[in-house]
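As written, the chains take the letters A, B, C and D, and residue 1 is the first residue of each chain.
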Amino acid sequence: MKTMFFTEAIDDALGQAMAADPRVIVFGEDVPLLRRNLLVRFGPERVRATPISESAFVGAGVAAAMAGLRPVVELYMVDFASVAMDALLNHAAKVESFSGGQWQAPLVVRAPCGGGYGDGGQHEQSLWGWLAHIPGLVVLVPSTPADAGGLMLAALEWDGPVVFLEHKLLSESWLEFMGSGGRTTVRYDVPAAGARGPVPREWQPVPLGEAALRKEGSDVAFVSVGVGVHRCLEAAQALEGEGITAAVLDLRTVSPLDRATFCELVARTGRLVVVDEDYERFGLSGELSAVALEAGLSFSYARVCTETTIPYARHLEDQTLPGTERIVAAARQLL
Amino acid sequence: MAPDLWSLYALMKMSRLFEETVTQLWQEGLISGEMHLGTGEEAIVAGVLDHVQEGDALALDHRATPALLMRGVDPVLILRELLGHEEGLCRGQGGHMHLFSHEHLAASSGIVGASGPAAAGFALAGQYLRPRAIAVAFFGEGAMNQGMLLEALNLAAVWRLPVLFVCKDDNWSITSDSSQLTGGNLCQRVEGLGVPYTVVDGTDVAAVWEAAGESIERIRDGHGPSFLHASCVHLEAHFLGYQLVRAARKPLQEVPRIARPLLKSFFRPGGASLRMRRQGLQEVLSALLTTHRDPRRSTANDPLIRARRALVSEPQRLRELEEDVEREIAAILSAVVEEGSG
Amino acid sequence: MKTMFFTEAIDDALGQAMAADPRVIVFGEDVPLLRRNLLVRFGPERVRATPISESAFVGAGVAAAMAGLRPVVELYMVDFASVAMDALLNHAAKVESFSGGQWQAPLVVRAPCGGGYGDGGQHEQSLWGWLAHIPGLVVLVPSTPADAGGLMLAALEWDGPVVFLEHKLLSESWLEFMGSGGRTTVRYDVPAAGARGPVPREWQPVPLGEAALRKEGSDVAFVSVGVGVHRCLEAAQALEGEGITAAVLDLRTVSPLDRATFCELVARTGRLVVVDEDYERFGLSGELSAVALEAGLSFSYARVCTETTIPYARHLEDQTLPGTERIVAAARQLL
Amino acid sequence: MAPDLWSLYALMKMSRLFEETVTQLWQEGLISGEMHLGTGEEAIVAGVLDHVQEGDALALDHRATPALLMRGVDPVLILRELLGHEEGLCRGQGGHMHLFSHEHLAASSGIVGASGPAAAGFALAGQYLRPRAIAVAFFGEGAMNQGMLLEALNLAAVWRLPVLFVCKDDNWSITSDSSQLTGGNLCQRVEGLGVPYTVVDGTDVAAVWEAAGESIERIRDGHGPSFLHASCVHLEAHFLGYQLVRAARKPLQEVPRIARPLLKSFFRPGGASLRMRRQGLQEVLSALLTTHRDPRRSTANDPLIRARRALVSEPQRLRELEEDVEREIAAILSAVVEEGSG
């Protein structure tokens, strides 16, 4: 079985897509060095550096997609989507609607997200639920190398705009870049199964909007994305000892949600714990509760999310990001 | 090369009559919200669009109608769209600030400055897919203070993108005098971002045509982006129903509505010194007076009147051309309006 | 009883605050003309025009607030918050946390919002739930002149950043500016009680985070903000004929939510219909369901929201924005 | 007026030693994430900060430590903050890119370009509340392509805000050569936004001091903003642990880790022509070589070494000064580290 690291898998799938489709190009700040393995295979015309001008180059990505390319536009971090938000909110997401369905913008915005390595509150946000509020955007948050590669392929095949978020704690290269900087003296709580794992010999798209049940369980349903999925698996394991079996659902796609799989699981377990590294309020955790209620389900509910701006100090950060202990406690509270 | 003034005038005339029709429909309440016209900037649009070819792309602002018409988008589809018909250009979903034609690679946006990044992206795609194709961005001088446009100029410069950036400078952004809100000099600013520029009188269609032609040739030849600074006036000011224009046109009706609360507030206890209050009042009055004495009221600034002057020596041909355009617009109107009521 | 129009009330309350506190200044595009009644009272130094540079002037507003002013920064529409989002997400909302509580940014961002007058999808968004996702921002959405003035006063007294949204359909001046343009030939479905109403002789702050029960009812709870509140009242009246009594709760503050009042009402009625002109997914409607579930309530749930980009054509727009008929239908479905 | 080189050198030395201490702690893993130092830009910061007074405000970027130290913020509080102590400057909540001191009106941000709007806002408040106060913005040349900074320059110009914009130009933005991503010329750009500029060698503290002093005087006198372009190098490149610097320092260990996947990918079937691939490879190699031959390795570009040269004529005084600073920093370190382990 072939295994890969998380970002290696994304770049590998991207390479497969670039080899198959000359319309796929990649640009963003420092991309020639960050994607140097793609640069030396596809040349400088298809792997380009931008100035630190996110509103211009994400906006340009939208139009380039409209005009026939399949650009993958990289942000240094999803936190900096703030300076390119107009291109996402008022352009990428609205082209199809405004044009009465005649025109689309098949752009992939790729960005590292998430915390757990002490970079402070302007550099560790998740924001997937925030982006998912905007009708017209697909939002992907893989939790394993296999999904990461497969979802990148699916994103490139999708005819509309996609935000592809790559959790830094799962990414061997981002974590070295922004975190360790080559040191062996720092420790991060990296979920091993997310950081490295089996991948297919040849990449196939992982269908958008399909959740994956990572663990069966009948007492409570943990639902999450990204690193949260692994925290849920740890929590589920901890609860096993107490005779509680928790199911773990990995949404993989935040928008559009896999409502059927999600509702089926909530119906079956009757207890829902949403684990969301994005901010708690007005986000994914609320949306999931509404979806289950709309399906007429009755269930008990708790959520373990990031409630505030993420603090810098590692010990404060650990308390703020949804961790295993808080998940276990939330589950117990429902039982 | 010299421009074909007849065909440029025909383009401008068509656009003008079309937008006058739109004005009527708007006055009749058949269009609900804002309506920004391009009346007054037709020479800029015509002078540029005449050089635009199949495969070129257009990034338009909130005054998109003239460019789409001149680019050859079906006027019936545009008019239907403005009226919100489901058979409109965008099935009634886009509307006047969000007109799109995939076929013509033309997209508009109501976000000030957004045409800059859009043109950069269109041009980038052109480099891969359509050799020698260019993209044109249209925007006002107010947009030159919006970061994304400044960024886009720099991006186009360093990527040597085939973009013509066209600044239609009427010196107004809604109610504000742009010269008071713009530091330095726009052309120097653009050059400092790496983009060469040309300055032209935007009410002179022949001059625009020549300047745009030269710039576009350089751009097509792979020499990177260019900036065209073209001055103009907007005959209806910012948009239809603009309050200060109404006040200038019907002072007896509108001025008291403005003045009454203003004076009440001016005399209200609590607030600044009388001197400061007077300065404030002065600002409001001068805005009113500026609109009243507006250069747009001078026919010298109407690009159509100006262009027509060169053609009056052939009155017969001119009359025929104008009648043709009038008939065409009337036919479009009656087609669309009949549908609407049918 | 004194009555005022909606925006008149806001400007009047603002005037009262400016007279009392020299730290309050107002700036934004065209503000000298848009707020000319304040300009002639407070002079050009306190009522200033900006270039079309939202990221700079909202960012400047944050810092000016940190350095001792109480700026009211106007956006032409909340849709254009997209170009100033970094100032809100990464600065205004985070100053207090980053400074360990030692520093705050008492800034009010004032912006027209909402649709119903045919301006198209880039100019009619609501976005209050989207903004409320960001920890650290207070988000206000008044529905009457009295609340509008009172909440503006409260916003100016608050020590952190506040987003104050002014629905264009309630605003006599915005609706004329962006809508009728002085015509008598167009009709908008303006809720009369929201557009003009009684106001106090002297402005008092309306407390932040306090919802107002607009109508008692026991069968179902309608919860909304802004124009939605009035649509709910209409719907409640329509249901009266069928013997159904609906309560109508006006949240007034989207963030922080008045959880107590809201939960009490849901508990009492057992049926919740959220009416939200902002986008449906990952927003206010989801958050309210989560809040009620967290309180351990069991209730049936429906929502009537804006699901897609808002179309331009008035008849399509009417179907897209939450209207009375859809609210009535949602209530019936729960009964 | 002439600068007091002794006190400027003392400021720089303190900052340098402090940051070298931070480097150690970072290497030991006591700091978890990114760490950007200001080593190499001390002359710019010292030359400017020496003119900053009570009531002035500072808008800082991701290299905020030197300015805060030189402004007089308690180094113990800063160090505690960097280590994430709850008694740190920001109670451990801000961290190295988000250092704030309300008392000193100093705020930093990790968002490139954000110091521009922040300084404009600080200056605006100053106009109302603190006559003759100024605000200083520090940022890199890479930030000069970020829209909000360009907008802020214009805003400051038209509002005549008392802001000194300081561009610390090291020509690098992380791994990118800024000159290849920046069109035109920064000073022309700034002038085109309405802000006058001065150019100075940012490794020469006396020159910076003089240029900044003149600009600041003009600003305090109400003549509006000014831009100071100061070149420098960053001794540790972008941040601690920067991969290419590691590769340059320990090629045997680091280069194979880069080269192995690179060559595999270079030879992988599917993709560009060999010519294009070679061009790509060339780009990576030249980045490696550039770092290797980096000017930051030349002591001529170290502002401390340069400043020190003017002082060696008084060896005794110099030694005492340096020993004082060393003792101070050692005391800070031991105070903070003892707490941490206590």
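The definition used in the following text is that contacts are C-beta pairs under 8 Å (C-beta built on N, C-alpha and C of every residue); 3 or more make two chains touch, one makes a residue touch a chain.
Because the structure is a prediction, the values reported are computed rather than measured.
Student: So using the touch definition from the top, which pair is joined by more C-beta contacts, C-D or A-D?
Tutor: A-D
Student: From chain C, which chain is the farthest off, judged by mean CA positions?
Tutor: Chain D.
Student: I'd like the Å distance between the centres of chain B and chain D, where a centre is the mean of that chain's Cα atoms.
Tutor: Result: the chain centres lie 43 Å from each other.
Student: Taking the mean of the C-alpha atoms as each chain's centre, how many Å separate chain C from chain D?
Tutor: 41
Student: Averaging over Cα atoms per chain, report the distance between chain A and chain D in Å.
Tutor: Centres of chain A and chain D (C-alpha means) sit 33 Å apart.
Student: Find every residue in chain D that makes contact with two or more other chains and list them.
Tutor: Counting only residues that touch two or more other chains, chain D contributes 88, 90, 92-94, 98, 109, 111, 145-148, 151, 154, 158, 180-182.
Student: Two-or-more-chain contact residues of chain A, please, as numbers and ranges.
Tutor: Only 45, 50-51, 53, 55-56, 79-80, 82-83, 86, 90, 94, 97-98, 120-122, 309, 311 qualify.
Student: List the residues on chain D that touch chain B in their complex, please.
Tutor: 145-148, 150-151, 153-154, 157-158, 180-195
Student: Any idea which chain D residues touch chain A in the complex?
Tutor: Chain D residues touching chain A: 26-29, 31-35, 81, 84-86, 88, 90, 92-98, 109-113, 142-143, 145-148, 173-176, 180-182, 239-244, 246, 254, 258, 261-262, 264-266, 268-273, 275-277, 279-281, 283-284, 287.
Student: Which bits of chain A are touching chain C when the two form their complex?
Tutor: Residues 55, 79-80, 82-83, 85-86, 88-90, 93-94, 97-98, 120-122, 129-130, 132-136, 255, 279, 281-291, 293-294, 296, 298, 300-303, 307-309, 311.
Student: For a test of understanding, state which residues of chain C touch chain B in their complex under the given definition.
Tutor: Those in contact with chain B are residues 15-16, 18-20, 29-30, 32-34, 36-47, 49-56, 79-80, 82-83, 117-123, 176-183, 185-188, 309, 311-316.
Student: Which residues, counting only chain A, touch chain B once they are in their complex?
Tutor: Per the touch definition, chain A meets chain B at residues 22-23, 25, 45, 48, 50-51, 53, 55-69, 86-87, 90-91, 94-95, 97-103.
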